[in-house]
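Two complexes, one shared chain (chain A), two partners (chain B, chain C).
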Partner chain A sequence: MVHVLGVALPDMQLARLALTNFYGIGHKTAQRLCARLQIHDRSKIRDLTAQQITELASFLASPSTAPPLRRMPLASPTFQPPPASTPIEVLRKRVTELSKPTGAEPLRNLKIEAEGRRVVRENIAHQRMIGSYVGKRHAMGLPVRGQNTQSNAKTAKKLNRVNRFG
Partner chain B sequence: MLPLSSCCRHATRSLLAFSDSNAACVGLPALNTQVRNYAKARPGVVKPSSHGFSKAQKKGKGGELEDTDQAAATKRKRYTAFLPMPVAQLTHPLFETDQRNSQLQLQSFHPEILTEAVISQALAFPQNDKDPSRIFGLPRNLLVEYRILSKPCSVIRGVTIDVINRLDLASQEGSTNHRLVIAGSPGCGKSVLLLQALQYCYMRDWIVLYFPRAISLVNSTTSYAYDPRTQTYAQPVFAYQTLQRLLTVNGPRLEQLRTQAGVEVERRGTVPAGASLADLVKVGTKEQVLAPTVLTAVLSELGKQTAFPVLLAIDDFQAIYCKTKYRDPHYSRIQPYHLSMPRLLLEYASGLKQFARGAVVGALSGTDTTFKLPLELAEVLSLPPTSPSGPYAKRVPELQSYAKGLSRVSVPDALAVSEATELFDVWTRDRAIPAAPNDELFLAKYSESGGNARDFIWKGLLSTLTL
Partner chain C sequence: MQPSLILRSGRSAWKGPYFVAFPNLKQALEDHVPIRTQERSCTILPNFVGIRFMVHNGKDYIPVTVTQDMVGHKLGEFAHTKKRFVYRMTKNR
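So, the complex of A and B:
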């Protein structure tokens, strides 16, 4: 069992499914995260290396301040690689020079756990502050999106309030 | 002849070509405690952990015994290919187990006897420790079939002799002129033909490298990482497994070969010229990170030497020409020529790299619909396209260049009557067919299947309700 930012990721679970245990990460975001960290689809949490887990933790700790992705150069069919004895720093420098900057990155605006819950709370608080219908319904603990109240409003009556998620 | 239980044990241990993650997690059960799952009442459906565990499942409903049953059932559920019950467990007199082992006597598959005279005869493949189909694995259809049969065998057809003659020519020439792709309708016998070619070459002292499921190179089941030196995504684990299998099957031949130039390896200096190729392979098997470099170097050394011809056999050949399921950090799908293993196969298949003596043989497969025959390959092989074609359809120029010069080997859609008769005979003598083996049954099933080999066996003989 690996713990990343306070969330336990079970060893035997597929990595791209285990990441959905984070609040704010669903299946699509988890797949994008795995692609970013070069984790293949059938990899389990116990197959991840320590470096991959560290990268994951550091990315999720603050997605907006992560180093920007660059488009790495990819070999054409006639590309001849340099000899294996070439120092790694020379190779990295060459590849960085050839790489291109990326445009927008969807994962940059990722908000998980406490930050994600705060966003939801602030949205509801904003609706209440401006005195909207949505805000009033949250305050009354009734369905917000036009559902029936004559019957079947159990979930809304249980969960809807201005201060959701504590 | 080996009893069925030993056959199955062999099959269990080695005929499965697992990816790295599967191999790590599957523990093979003891065969003598195996029970058919459908006959056993299951305590309950086991939910995946993402759906959360109920208290009952956590504590174990009804106590320890059901827990272990459930755990055992979960463990058994992981097997995707059929595993038959050993004959020794069929104790009821209805199964007539005492009469099972003596019926199937087949001549052994030997290159010396492969002439026109043996067409329409079934020959049994040899079974030994270093058998390539055992070490490299088999395609799933063939694996299941050979588990049901008491010994792996195949019928020699006219097209088998043609391919063998072609390979005899290739053994003296470079692989650039001998890049074959076996094509035909679904179930006509492409994988079996490839296996026959592989066994022939192996027995003729070729060095063989077989990829029974090339889809596992491109379906995101093995680790990958960007390599700044080659500017591609390396697949170290798959390269490592390939090197291990290459060494196991071709060990004695690789011991006799020597490197012609020094081979540079990252962080390990240079393997000097004159070193044995087997030692070079062992450098790659000691550290997974070095495996892609070592595999490329080993294949290029094999390409230069002329002592042994080399066969590169690839089943699911179309998969290495399709966009892979791997994603780059920007979430776009990676092209096959940007992944180390498919790129290596594409280079030899296209003639960019070649073996001084040898051939590259691929077999198409339509089983997996996520990796269908791409347009670039269909056009080169003059096959009907499976995707929208025409002048406005997009074609990838790199894949077109990798597909140039491939020649097609067509397998006939229908078995000849004599071949079908032999096949019928083999399954009958192996007591696989519940019905009475007579001309009526044979002709009925042959007509219903239209001569298609897979339909004749699976939908005809094995699924028949006639008695």
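So, the complex of A and C:
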């Protein structure tokens, strides 16, 4: 049983599925996380090395400030290596250009555990503060999205609060 | 978290928000005269901030004062259409 950021990850579980135990991480984000941290798809928590676990913990502690993953593109089948006389600075420059991260990084805005719960609480508080219909329904503890209340509102009655998550 | 105009609407972003050009908007801003409206689906724009609306709920007109936080929402969200449910057992059985 490994503990990462206060959440226990069971040893026997696949790493990709164990990551869903965090609040704010589902199957898609877990898959992206494993790709980002280069954890094998079929590896279990007991197979991860200590270094991988520290990398995971440090990434999840602050996803926005984590250094981006270097790209390591494969050469094409018809690749011709540059001649041996090319100066080393040119080769190094080419390597840094090729390994620059491109595109959007969806994991940058990842919010887990306390931060994720705070986002939800702030949204509900915002709705309540402006006095909208959604805020009123949360305050009454009733369904918000137009569900039936003549019967079947058990989850909403149990969970809908202005100060959700305590 | 402030939901932006684009995120709030279920409407496609390329269409832009649905809103109504009120004829007495400038007068309402200056004289604080409330605008009576049945346009519940009108999105609240930034230039509506500070205006008092009287939004129709089917029967009456509910007063709504627009603040900066309300900008992406619709007018009808602030005028409830149903009376609050109260359980009162009637005497006739």
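As a working rule, the second predicted complex is superposed on the first by the 141 of 166 C-alpha atoms of A that agree within 3 Å, B and C clash if a C-alpha of one lies under 4 Å from a C-alpha of the other, contacts with A are read in each partner's own complex, and residues count from 1 in each chain.
Assume contacts are C-beta pairs under 8 Å (C-beta built on N, C-alpha and C of every residue); 3 or more make two chains touch, one makes a residue touch a chain.
Note that the structure is a prediction, hence the values are computed from the model and not measured.
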Exercise. Taking the superposition as given, does A:Y133 touch the first partner, chain B, the second, chain C, both, or neither?
Worked result: second
For this session: Spot which of chain B and chain C makes contact with more residues of chain A, would you?
Result: B
For this session: Using the superposition on chain A described above, determine whether A:R108 touches chain B (first), chain C (second), both, or neither.
Result: neither
For this session: Check the residue A:H3 against both partner chains and state whether it touches chain B (first), chain C (second), both, or neither.
Result: neither
For this session: Could you say whether A:N123 touches chain B, chain C, both of them, or neither, answering first, second, both or neither?
Result: second
For this session: Could you tell me if A:K157 is touching chain B, chain C, both of them or neither one (first, second, both, neither)?
Result: neither
For this session: Find the residues of chain A that appear in the contact set with chain B and again in the contact set with chain C.
Result: none
Exercise. Taking the complex as given, what residues does chain A use to touch chain C?
Worked result: 119, 122-123, 126, 129-134, 136
Exercise. Which chain C residues qualify as touching chain A in the complex?
Worked result: 1-3, 67, 69-70, 73, 77-78, 80
Seminar exercise, completed: Given the complex, residues on chain B that touch chain A span 19-22, 24-25, 48-50, 219-226, 228-233, 264-266, 269-270, 293, 325-331, 335, 337-338, 343, 352, 398, 401-402
Exercise. Chain B touches which residues of chain A in the complex?
Worked result: 10, 12-13, 17, 20, 31-32, 34-38, 40-44, 47, 69, 71-79, 81-86, 88, 91-92, 94-95, 102
